[in-house]
Amino acid sequence: MKKVFLVFLFVLIVMTVFASDKVITLNLIEAFSSPWRTPTLKKLVGMFEEQNPGIKINIISPPYETAYQKINLMVSTEQPLDIIEIGDWDLSTLAGMRKLVDLAPYIDAWPEKSNFVDGVMKAAKTYHGIAYVMPHGLFAKTLFYRPDILKKYGLSGYPKTMQQMYDYARKLTLSSDKQYGFDFRGKGYPTSFIDAVVTSFFDDIDPENMYLTKEGKIIFSDPRAKEGLEFYVKLYKDTAPRDSINWGWDEQVNSFVSGITPLLFQDPDTTGMLNSMLKPGQYRTAPLPVGKGGKAYPSFGFVGWGIPTYSKHKDLAWKFIKFVDSPKNNAFWCKAYGALPIMKSIYKEDKYFSSGVFEGWVEMFNDKVHYQFTQYPLSNKYWGKWNGYQEKTMQQVLLGKLSIDQCLKEWTDFWKKAGIAK
Amino acid sequence: MKKRRYKVIRFILLSIFLLIAVFPLYWIVLTSFKPTNEVYSFPIRYWTSHPTLYGYKKLFEFVNFGRYFINSSIVSLTASLFSTTFAMLAGYVLSRSNFKGKTFSILFLFFAQMLPSYLIMVPQYEMFSKLKLINHLISIMIIYTGLGASFSTIMARAFFVRIPKDMEEAALIDGCTRLLALFKVVIPLMLPGLAAILSFSFVNNWNELFTAVLFLNTSNKYTVPVGLYSIISKAGVQWNILAAGIVIALAPTIAVFSVAQKYIIAGLTQGSIKG
Amino acid sequence: MEFKSKTFVYLMLLPVMSVVAFIVIYPTIGGIILSFRDYSIYSFGNVRWVGFDKYTEIFTDSTFLGVLKNTLIWIIGSVTFQFLLGFILALLMREPFKGRGIFTGFVFYPWAVSGFAIGLIWSWLLNGQFGIVNDLLLKLGMIKSGINFLSSPNMAMFSVILVNIWYGIPFFAIMILAALQSIPNSLYEAASIDGAGYFTKLFKITIPYIRPTLVSTILLRIIWVMNFPDIIYGMTRGGPGGSTEILSVRMINTVFYESDYSKAAAYGVIMVSILLAYTVMYLRLTSSKEVRL
């Protein structure tokens, strides 16, 4: 009897030992998954798992176009997740569910915090000042151009002002039947394209809110917005293919690569695609052209990591986030898919991020007089309705179905109703 | 003479149909063999002087197509076999009998086809998550069977209605049971219809994306369309790779249609021109 | 002819009804409830009842009527031509010819392309600058300058319908082809003796005989086409300027742009109501002694 008892006890002990030694699995979901980027993430995960035996990270990579929707559903039904990749425009949805952990205590305790690029903490605290997300990459629009095509038509350098860009583009368009100038975007979130042009006619945009002047006036009610929008329409009518009212990302890149429209505003992640399709030197970047106000107002886009409140392994999740965001790994990660790194030291130490491809951004970052980064009112509850609405009304203006005055009035009313004016 | 003329006209018309259907396919196949720098070259090239398997190589590097094929085959076959069998039984009684609730049943089947994806998405997801079926192939199998069965029953009923009842009645008089009469007499006559329904359900299931994307999480559970869809990223799509994926995903369905037509057109007596 | 045992009837119906009920009933009720709450961006943390708010928002939107009109054009344009061309194709394929197996595979494959891929492929083919359709038409000398397939409002609707026709022909062709097989040859032989021509036979024998299939396929197709946003979403997202926005596309836009799942559900309820009313009417009007309702 005693023997049986001892055996039983032994088995019990062995079981508990094994149970406590069980591998912990963290579930990570990607928002911007891509066949080019996911392998990089897998490599980083492999390195992390090697350093931390007993932890396994399970990557979920939903197709990009439905990723937000899937993440929203998974988080709202509390599917097992420990690390969530959060894109800037999905942050409010997730934060609004009250299912994200405030990362401030973690970030504050991290020595690398002082190494953050300006704007990282601002991005982290986008939602009502609470740090729900730890950005791992930044985006900002800059000017991409094709020196080879410009040269063919006797143009050198790159346009430094909006008017110059129009002149370049106009000359290209007039030079040949199949040649156009500006790579216009009419479909699928054209928001930041419209705004980059319109706000360049200002010199007093609120650094906290793209749609306000420093005095707190809604920009669309300002006569300068009218000038800006008129210019934008002219850019479409005089220098872009008519078809481009229906262009999204794919068409823009397609057209840029084939040389039809050699002047393009785009985010840094475009570089990955362009590098695989064009030879080195066939494209370069330059700062956004400044407008009549002598300035340009790029907005920061970002993507980062968050931790759901219901995760059972929050500390481990943070450990992983800290690991992938460390300067060395962040450089590797951003290089792989073309985001701008979050650590200052990377720009100094890594030659790639000061090479020709990145000229545009580096110059914009260094020139604080002409380039002032600003933000979208992402935590305003009308933001969700804005993108589709702006896209549709803008198209109507381009089609001549809505006058510029009427459009600006509607946009002003929209933001008045949203209550952003101070 | 008249017959000859008919054949010529038929040949021309069929060629037009084929041409219109196939020209995008030609473009996709061509693109799948183009090197990346040629995909966007301008002016447009209708031939490639440097055919390459790069697109296919990358595709298999990116996505685990072998696994997706197995998953898709399991799901599509199981669901379409179940739904067609169910539809056969239900379609038969709906075509032969008047009973209480018949109108309601038919309307209910149509109703199941009407539901827009975003109306039921959230509650359906919650339901399957409560049943702990998220990220299991069984979840989409059940959904495909249900959707397939409602559509197939509607179609089966329409086909059954036209099958003469006298032969069945003769069989019944001979002492066959109802079910036996169905299997011995009606089903052989129904074969074209059932082949059409089965091949259609299979293809529908093979293609289904919306539910699969939502309900399957890990890549070893993905189906072919989910795999294809995941090639598109925030930074757009590289056409030669996606084209390679489309070609591979299409191959089995083209084969299914090619084979199914034999049964769909079975039983036709050859000869005279019909109206 | 009647079944003696009603139990047999219900047993035969049981598998279909139970599996359909399982996947449909709870989600439908849930969806209707959803449409009366506020399950949307900024409200997920505090989902509350809002009554008819979402519906009011939909009906007071000045563009709603336009969307209904677009939906109607989309359905009528698509289904009419899918049906006619599918019917013709089925008639042509009725009799054997060399290579019919391969032919079938290649003529029917459009149905097998995923919706998102169709949208992508065709918006590429129809692109005004680097699309091959314009390029080919120009090379063949059929047009002088490129057609704005997707950038002018009228052409855009035309283009997306064209693509939908391309995609939908196989469905009608297959179903009708299968139905044609059930027509007894004796009917045609008798008609031939009476000296009936091709079209007389078509309208006097073929069409009346396969009517139940035609009635069901057309109705199913109308339902599916109304609920099918993939092509438009992939090609224009409802643009330019809302000119191709149909109900199902607006529903997607409500989810993708606005993250308003409740409003999307309300659109869903409206769509189902329209379809349900239409189906009942349609079945009443087309009911014959075979298709009783």
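Labels A, B and C are assigned to the chains in the order they are written; within every chain, residues are numbered from 1.
Keep in mind that, in the parts below, a residue touches a chain if its C-beta (ideal position, glycine included) is under 8 Å from a C-beta of that chain, and two chains touch if they have at least 3 such contacts.
Just so we're clear, the structure is a prediction, and the values are computed from it rather than from any experiment.
**Q** Which chain maximises the distance between its CA centroid and that of subunit B?
**A** Chain A.
**Q** Which chain pair shows the largest tally of C-beta contacts?
**A** Maximum number of inter-chain contact pairs occurs for B-C.
**Q** Distance-wise, how many Å sit between the C-alpha centres of subunit B and subunit C, to the nearest whole number?
**A** Using C-alpha averages as centres, the distance is 15 Å.
**Q** Using the average of all C-alpha atoms in each chain as its centre, how far is it in Å between subunit A and subunit C?
**A** Each chain reduced to its C-alpha mean, subunit A and subunit C end up 37 Å apart.
**Q** Averaging over Cα atoms per chain, report the distance between subunit A and subunit B in Å.
**A** Whole-Å distance between the two chain centres: 38.
**Q** For subunit C, give me the residues that contact two or more of the other chains.
**A** Expected reply: 116, 120, 124, 130, 255.
**Q** Can you list the subunit B residues in contact with two or more other chains?
**A** In subunit B, the residues touching two or more other chains are 40, 42, 121-122, 126, 229, 232, 237.
**Q** Specify, in ascending order, the residues of subunit A that touch 2 or more different other chains.
**A** Expected reply: 65, 69, 178, 250, 254, 258, 260.
**Q** Inside the complex, what are the residues of subunit A that reach subunit C?
**A** 65, 68-69, 72, 76, 92-93, 96-99, 178, 180, 186-188, 241-246, 248, 250-251, 254-255, 258, 260, 381, 383-385, 387-388, 391-392, 395-396, 398-399, 401-402
**Q** Quick check: in the complex, which residue numbers of subunit C touch subunit B?
**A** Contacts found on subunit C: 1-3, 6, 8-9, 12-13, 15-17, 19-20, 22-24, 26-31, 33-35, 39, 85, 88-89, 92-97, 100-117, 120-122, 124-125, 130, 132, 135, 166, 169-171, 174-175, 177-185, 188-189, 191-192, 196-206, 209-210, 212-213, 215-217, 219-220, 223-224, 227, 248, 251-252, 254-255, 261, 264-265, 267-269, 271-272, 275-276, 279-280, 283, 290-293.
**Q** Which positions of subunit B touch subunit A when the two form their complex?
**A** Residues 36-37, 39-42, 58, 62-63, 121-122, 125-126, 129, 134, 213-214, 217-219, 226, 229-238, 241.
**Q** Looking at the complex, which residues from subunit B come into contact with subunit C?
**A** Per the stated touch rule, the residues are 10, 13-14, 17-18, 20-22, 24-25, 27-28, 40, 42-44, 46, 82, 85-87, 89-90, 92-94, 96-99, 102-103, 105-124, 126-127, 142-143, 145-147, 149-151, 153-155, 157-159, 161-165, 168-169, 178, 189, 192-193, 195-197, 199-200, 203, 206-207, 209, 225, 228-229, 232, 237, 239, 242, 246, 249-250, 253-255, 257-262, 264-270, 272-275.
**Q** In the complex formed with subunit A, which residues of subunit C make contact?
**A** 40-45, 116, 120, 123-124, 127-130, 146, 148, 150-153, 156, 235-242, 253, 255-260
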